[in-house]
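As written, the chains take the letters A, B and C, and residue 1 is the first residue of each chain.
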C-alpha cells in the first residue's frame, strides 16, 4: 500500500531534516546567523564516517562519538575566527561568510574524497516490518536517533540553566547581558552545539543514504525550507515542518519523479515566504 | 579633486577591449569573453545588491532562463544567436517583473535565500521537464566558427552596463537606491516610492544576465542544468562585486579582472582549488574589506570619490559666497 | 477649529496585547505651532508613526488636509504634505549631508533639487557641512540635517519627534527660531518633546498624552496648571 510506504518513508526522511533544521534554528535564534555551511558540515561528517568505518576499519560507534565532537570543535573555531568579528554587521555579511565557507568546505571535500558517491553498505543493513511496510533498518535507526537528539536538545533548552541562558540571549541579547549572562560563551557553545548536531545528522545519514560532497548543498536548501515553513526561531515548528516536508518530498517524488519532487519543497518554502511568512509557529520575516 | 577619474579607467579598459580581437590570440579572446560575461553579471548584480542593498543568491536563475530560452530558439528554429539573446533578455525581464513584485517584500536574508531557492527550483525544472529542455543530457548547439562576433556583442553589453552604472552613480536615482539600502523605511517615510524603485532595479538587473546566458550557451556550444544554473557562477559574481566594491562604478570591473585572473592561474590545477580560493577571498573580504577595493581606494584618495555632481556644486556655492 | 490641517479621530493601537493608544483625538490648526507632551511610553511616537503612515491604526482614522489616509502608504502621505523627523536620527550614513537632502527631493529637476537643498542648509545655518558624511556629524548637526531633509519635501505640516532632546540650550533656541520662521511661511509645526520651557513657551496648543490616552488639551497656561498633567508627570 503506497500510502503507508510514502508516509513512513517521508517521516523517516523528515527525522534527519529535523535534526539539521533544529541545529540551524538554534544558531539563528541565538546569533541571528544563517549558517549556509550547515549542510556541508553534515556532508563532511557523513564522508568522515565512511572513512572511519571503511577506511580505518573502526566500528561505527567510534564515528558516532568522535565526529560530532570534531564538528563542535570546528564550529567553535568558526565562531571565534569568523563570526565573532562580524557580529555587528548586517545579516547579509554573515550569510555571505557562511556561503563562502560552504563553498570552501564542498571543494575541500571533493579534493579529499573525490566527487563520487560512497556509502556504508555493511552498517545497519536490512529491513524490518512495521504495520505491513518494509522499513530499512538504517533509516529507522537514523530517524529514532535524529528525533531523539532533537527532542533532547529541546528538553535542554526548556529545563536546564544553560538552555534558559540560550533562550534569553535569543529573545533579548541586551537584557541577557545586563542580567549577567556571558553572551559570548553562550554564542560559542550554541554554535558548537548546532554544528555538532549537523555532524551527528551526518553520521546518521551515512548508513542510510548514498553520500557525496554535494550532499550538503542539496540538504541546506531543504533545511531552510523546513525552518521557514516551521517558522524561523521556533524549535517545535522546525520538528513539525521537517516531518511534513519529508512527506511532501517523498509523495512529490513518487508522483512527479525525484527531481521535481524535491522542487516541491522549495515551492512550498516560497509559498510560505510569500503567503504566511511567519511559518507555522514562528515570528515575522517581512520587509 | 584628487584621485583618478573613473571614466579614465573605463576609457583605458575600453581601448584594450577594442584592440584585443585584432592582436590577441584565440585563447585571449576566449578568456576575455568569459571575463566580460562575468563583468556583465557583476555589474547587474551591483545594481540590486550593491546600490539598492538587496543582495541575493538567485541571479544565476535569470542567467539560466536566458541560456535555455536562447538555446531552444537556436536549436528548434535556427534563430541566429544575436536575435536569440535579445529574446532571452526579454524573457528574463518578463519573469523578473512578477517575481520582483512577490519576492522583494521579503526582508534581507529571506529575500536572499528565497532567490537561492528559486534558482534551485528552476534548475530542478530544467532537469525534470526533460522533454522540453533535454533534461540532464542538455542541449547541443552548432558550434560557432569565429568567436569574434560573440566577443563584440559581449564587450558592447559590458561597456553599456558600466556606463549605465556610471550614470546611475552620479544621479538622483542612484541616491534613491542608496537611501533604500541605508534605511528603507526612513526613505519610505520621506516619500520615496521604494516598491517601484526596487522592482525596477530588480528587473533591470535581470535583463543583461539573461542575454549573457544565451550567449554563453552559444559560446560553449552546449547547455545543461548544472551549467546554466551553477551556484558557483553565483558565488563568483558576488565575490567579484564584494571584492571590487559594492555600490561603486569600478567595483565590478576591478573584481571581474582580479577573479578572472585568479581563475586562469588556478584553473590549470584544479577547479576545486579555484572555487575554494574564491570562497576564501569572499571570507577575507567580508572580514577585512567589506566595502571592497574601490571604496578603500576612494578613502585613500587613489580613485576620485564617486558622485561628483553633488560635490562640485557644493564647492561652486562656496566659491560664489567667498 | 476651522478645517484642521491634521485631524486624528479616535485612533487606537495595540501592540501584542498592550494598549499603546486608546481612542486619541487630536486636531492641528494650519499655520500653528502645536506641541505634544507626555511621560515616556505614553504613545507619542506611536501617534506620529500612525500619522506618517508607517503604522496602521487598529481603530479610528487620520485626516490630512481633509483626506482620509487610511489606505495610503507612507510615501503617499508625504505627497499630501506631511514630513517628519525621527526621534533617533536616521540619516543615510553612506551619503553626504547634501546627498541626504537631494535623495528625498521631489520633481525631476536636478539643479532645482540641489539648489533647494543648499538653500535649506543655509536657512538652518549649516551650509558649511554640505559635503560631510552622514556618519561623521555631531548630535546637534544631525538634528538640524534631519529637519532640513524633512523640509526638502516642501511640506504643509512638519512632524518633529523630540527635536530638542539632548541638545544644548543655545542650539535649542536656534531651532526655535527656525520653527518660528517656518510658521511665518505658513508651514504647520507639530512636535513632540519633553523640554517644557519650549513647549509651554512657544506652542499655540498643547496636547498631553499619558498611558495612551489624551489627558489634557489647551493653551500652555491651562495645561501648565492642569492637575491631571502634574499628576502624570510627577
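One rule holds in what follows: a contact is a pair of C-beta atoms (placed from the backbone, for glycine too) under 8 Å apart; a residue touches a chain by one contact, two chains touch by 3 or more.
Keep in mind the model is a prediction, meaning the values are calculated, not measured.
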Item to complete: Return the chains common to the contact lists of chain A and chain B.
Response: none
Worksheet item: So which chain ends up in the middle if you average the CA atoms?
Response: B
Worksheet, complete the sentence: chain A to chain B, mean C-alpha position gap in Å, rounds to 32
Practice prompt. Return the distance between the CA-based centres of chain B and chain C, expressed in whole Å.
Written response: 41
Worksheet entry | chain A and chain C: spacing of chain centres that average the CA atoms, whole Å | 48
Worksheet item: Which residues of chain C touch chain B in the complex?
Response: 52-54, 73-75, 78-79, 83-84, 86, 90, 92-96, 98-99, 102-106, 110, 113-114, 118, 127, 130-131, 149-150, 152-153
Discussion item. Touching residues of chain B toward chain A in the complex: what are they?
Written reply: 55, 57, 102-114, 116-118, 120-121, 124-125, 127-129, 184, 231-232, 235, 238-239, 242, 270, 272-273, 275-276, 278-283, 286-287, 290
Practice prompt. Show which residues of chain B lie in contact with chain C when the two form their complex.
Written response: 171-172, 175-176, 178-179, 181-183, 185-194, 247, 307, 309-311, 313-315, 317, 321
Worksheet entry | List of chain A residues in touch with chain B within their complex | 34, 82, 85-86, 89-93, 95-97, 99-104, 106-108, 110-111, 217, 221, 224-225, 228, 256-257, 259-260, 262-263, 266-267, 269-270, 273-274, 277, 285-287
